[in-house]
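Presented sequentially are two complexes of subunit A, the first with subunit B as partner and the second with subunit C.
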Partner chain A sequence: MINFETLVKNIKSSVGASAVVREDASKLPPIIVVSRADFLNVMKYLHSKEGGDFNVLQSMGAVDFLPEVKKPAPKAVPKPASEGEAPPPAQPAQEEKPVEVPGRIECVYHLWSYANDFDLAVKVELPREKPEIESVYSLWVGANWHEREAYDLFGVFFSGHPDLRRILCPVDWEGHALLKDYKVQETWRGIVVEPRSKMNPWLRNLQ
Partner chain B sequence: MQDNNIIMTRLEDVVGWARSNSIFPNLFGLACCAIEMMATGAPRFDLERFGAGAFRASPRQSDLMIVAGTVTLKMAPRVKTLYDQMADPKWVISMGSCANKGGPYWQQGYHVLKGVDEIIPVDVYVPGCPPRPEALIHGIMMLQRKIRAQEQFPQWRKADPLWAKTAQFPTHSAMERSDD
Partner chain C sequence: MSDRKQTLEYNPSKLGIPGQSYLDINPKLLEMEAMNTEDLLVHMGPQHPSTHGVLQLQVITDGEIVKACDPHIGFLHRCFEKHAEHIDYLGVTPFVDRLDYICAMSNEMVWSIACEKLGEIEVPERAEHIRVVATELNRIASHLVAFGTFGLDAGAFTPFMWAMRDREYILDLLEEMAGVRFLYNYIIIGGVQREWPSGLATKIRDFLDYFEPRLKELDELLTYNPIFTRRVAGLAQMTPEFCFKYGITGANLRASGIKWDLRKNRPYSVYPKFDFEIPVGEGRIGTVGDSWDRYWVRLQEIRQCIRIVRQAVDTMPQGDYRGKVPKVFRPAAGEIFFRGEAAKGELAFHIVSTGGKTPYRVKCKSPCFVSVSALEEMSPGLFIADLVMALGSLDIVLGEIDR
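Let's turn to the complex of A and B:
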């Protein structure tokens, strides 16, 4: 009953033109990348009946991207001119500096609409040093434990969450485990987490 | 046998035979190995014919703890508490590779206890992921032989003043030395 382009148009017209940063209709499910400022409004709109009636939050998670330096693409070698054709104009020397992409944590929400039978993936990009976002617990109650897991393993703080605490790791654990630069702690309450005698013997001397 | 119904034996042998053939395992399945433990108790690979088929739910009533499954760090203090609640004599079978050494999570598992022998002393290790019921039965039979061979009344030995002057052998380093 709805398709992706009309959905994106409706979001832009009702929430704001800058709400949808990027969209990708070629993936399954189609992806909308939403700006951080309009996140809650977009979610409320999608949850409402006229916005697509997405009543099911299938799953919710987070992805960690480290800051990286993108090297420029190598310059193409100009083709040698064949006979009878004018040689191509000399290209101005372009120097592309390597681009520094800051790290980010993306929160991914997979929504499904029962009335329209439509899958959608919504992503938000959060800064890596201080990831904070509003909780969608008021819209979809099932986000409770998913957001606790994202807090436990990535450190994302969900404002408005009724009970934000660690869910998988113990209460006095240090660090957030699924970040890409995470190093596990040495001991926990007296138990050695990685005893040297049980390490991989090929890697033991490298540790 | 009807007339001559007196046998001469050692108390140690009789008690060892009785203890090894009436093991009460603790109902302690943590993960996938628990399924294989249930299969071992099921009719096809019956554990009851070894006398060990009555799984007790309470650790105070059991004398064998089969640690079946992955022990996470969050669960480790609870495993130690349950082990401490069992009465002597007690034995531990470490079933499956997760309880032996951390299993498939031994290198990158940040939250997995690398082997249950970090916290409790283990008598028999049964390898496998999960070990087949025949392998677990092999481990239990090995434990039965160990029970029959071990000293059945250490409390009498420790109370004997003459024994204190004899040589004492060190126990395995992973096992705690009970208060002598």
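Let's turn to the complex of A and C:
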């Protein structure tokens, strides 16, 4: 059995203290967010016997987060003063600027150690404009098709992948379909992609 | 079977009767310049009776021997993951049915349990028993399809018809339960859609009493039949390391000798209450982990499923068929990766929720996706006919691969 805290400590001591950005033991399975620079070293360590012997890559996916502007919390409305009580003292005006959170694409790797019977989720955050990461094909051969799918649907480029092509969409499809701001193309090889006759009838009447 | 991996050089004296060319042609013609052979790229195209769905295998062959095989998928891609981002959790259930359309109940089970764990919903015990009965009956039906179509790939028509006849009885039982024969939308978040009609428990017991001797008949037809075993034994062996390399799970992993079943090792629902075994490939004919073992493990699993259904029906408590679920199911922000034992292997859902009505992202890890990705490495050196049998032994469903 593996203890999650010990695992995080071992990763930090063998790869580097800045390798693990965040960890969350409350989720199922526990999550480690790894820094982009140390990603391949962390994966190599996890694949090795001392690192936990995570010999199976169960699944590899990506999650897309658009850039957003986090509005500040609304100012609390002061209670109306009831008769006979002194009104509450006036609060000084506090200006809170909205925070801009840049967009990111998270790659999530779900690892499983058969010998130690332990599940782990490893996440990396990639910039949304240029999502590139090293391929883990050399560690887990099964990553081949998972990475092809992440490339097809999100546009993540995996360096070191032997054969990075689209897998689900046709080879000459434009765009990456699961991104949040994806607009499907009008025609593909001369075929209308979303013909009006096949549209949802409720939506068709509204347009 | 030591002659499984064929030699790729053309040497007529090694094949056929010594001293006699195996081709009925003047040997001088074969030495002519014009008689040059080359490797052929054959598309076992998406429409093909033996690829178990719309799967394209681009095969580079040297005559009849496969040199390389590149599976192309995506012909049944229905953008399930994109749809799931716009539909509320309960409404995703019919979409999840259509992933592995042969064993829809197990997909619904995994989806519902994943959502319940995310949203902390309690399921009453009667509902859990009903779910287990539905899932295991559907698993028997799915394994019967796997058995029948595997025989069909080898050219045996009778086992397919007998398996389909028995599967019809199971579909009738599930129709009584859920109202639908194939794509049920029955196991939902919190429990099941509706209560069983009266008398269904008796009908299930009668069916199991009728079906158990039939399994012996199916066994006698195909399992030790020399015509079948000569095609299948020793073919496309998958060692445990091979399976772990690709992430292959389920009956394919168990056939390689690894005793791993999520119903026993990571129990969920009420599986801990029931007494059943996990069949593991023994290599009775051929080697451990070959196609015959994968086929044999599925047959044994049908027997264990029958045991589970009997116990679940006999010990079914009274109670509600669905727990308390809020009208609009909004789980707290967070994520979950839940694995469940579906008929074809380990189906897993990675659900990311931001607290809204609809999931933010759903990633479905399907067991057949990883099985087909391993076909590339399994195929060099096989005959094309062997490639068809190896593919059939993996028991794939294209709905799950493409989503």
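To be clear about the criterion, the second predicted complex is superposed on the first by the 183 of 207 C-alpha atoms of A that agree within 3 Å, B and C clash if a C-alpha of one lies under 4 Å from a C-alpha of the other, contacts with A are read in each partner's own complex, and residues count from 1 in each chain.
As a convention for this text, a residue touches a chain if its C-beta (ideal position, glycine included) is under 8 Å from a C-beta of that chain, and two chains touch if they have at least 3 such contacts.
Owing to the predicted nature of the structure, the values given are computational and were not obtained by experimental measurement.
K.L.:
Under the stated touch criterion, which partner chain does A:Ala25 make contact with: subunit B (first), subunit C (second), both, or neither?
P.N.:
Neither: A:Ala25 stays clear of subunit B and subunit C.
K.L.:
May I ask you to decide whether A:Arg189 touches subunit B, subunit C, both, or neither, giving the answer as first, second, both or neither?
P.N.:
first
K.L.:
Of the two partner chains, subunit B (first) and subunit C (second), which one does A:Lys198 touch, if any: first, second, both, or neither?
P.N.:
The answer is first: A:Lys198 touches subunit B but not subunit C.
K.L.:
Applying the touch criterion given at the start, work out whether A:Ala177 contacts subunit B, subunit C, both or neither, answering first, second, both or neither.
P.N.:
After superposing on A, A:Ala177 lies in contact with both subunit B and subunit C.
K.L.:
In the superposed arrangement, does A:Cys169 touch subunit B (first), subunit C (second), both or neither?
P.N.:
A:Cys169 contacts both subunit B and subunit C.
K.L.:
For the three-chain arrangement built by superposition, which of subunit B and subunit C touches the greater number of subunit A residues?
P.N.:
So, of the two partners, C touches more residues of subunit A.
K.L.:
Using the touch definition from the top, say if A:Ala121 reaches subunit B (first), subunit C (second), both or neither.
P.N.:
The answer is second: A:Ala121 touches subunit C but not subunit B.
K.L.:
Which partner does A:Leu66 reach: the first (subunit B), the second (subunit C), both, or neither?
P.N.:
Touch status of A:Leu66: no partner.
K.L.:
One more residue to check, A:Val99. First (subunit B), second (subunit C), both or neither?
P.N.:
neither
K.L.:
In the superposed view, which residues of subunit A touch subunit B and also subunit C?
P.N.:
In subunit A, positions 168-170, 177 sit in both the subunit B and subunit C interfaces.
K.L.:
Could you please specify the touching residues of subunit C with respect to subunit A in the complex?
P.N.:
Interface residues on the subunit C side: 73-74, 77, 79, 81-82, 117, 244-247, 258, 260, 265, 334-339, 346, 348, 350, 352, 360-361, 363, 365, 369-370, 373-374, 377, 402-403.
K.L.:
Can you name the residues of subunit B that touch subunit A in the complex?
P.N.:
73-74, 76-77, 101-102, 106-107, 110-111, 113-115, 118-119
K.L.:
Could you please specify the touching residues of subunit A with respect to subunit C in the complex?
P.N.:
The contact residues of subunit A facing subunit C are 27-29, 31, 55-59, 61, 63-64, 108, 110, 114, 117, 119, 121, 140-142, 144-145, 153, 166-170, 177-178.
K.L.:
For the complex, give me every residue of subunit A touching subunit B.
P.N.:
Touching subunit B: residues 168-170, 177, 182, 184, 188-189, 191-195, 198-200, 203 of subunit A.
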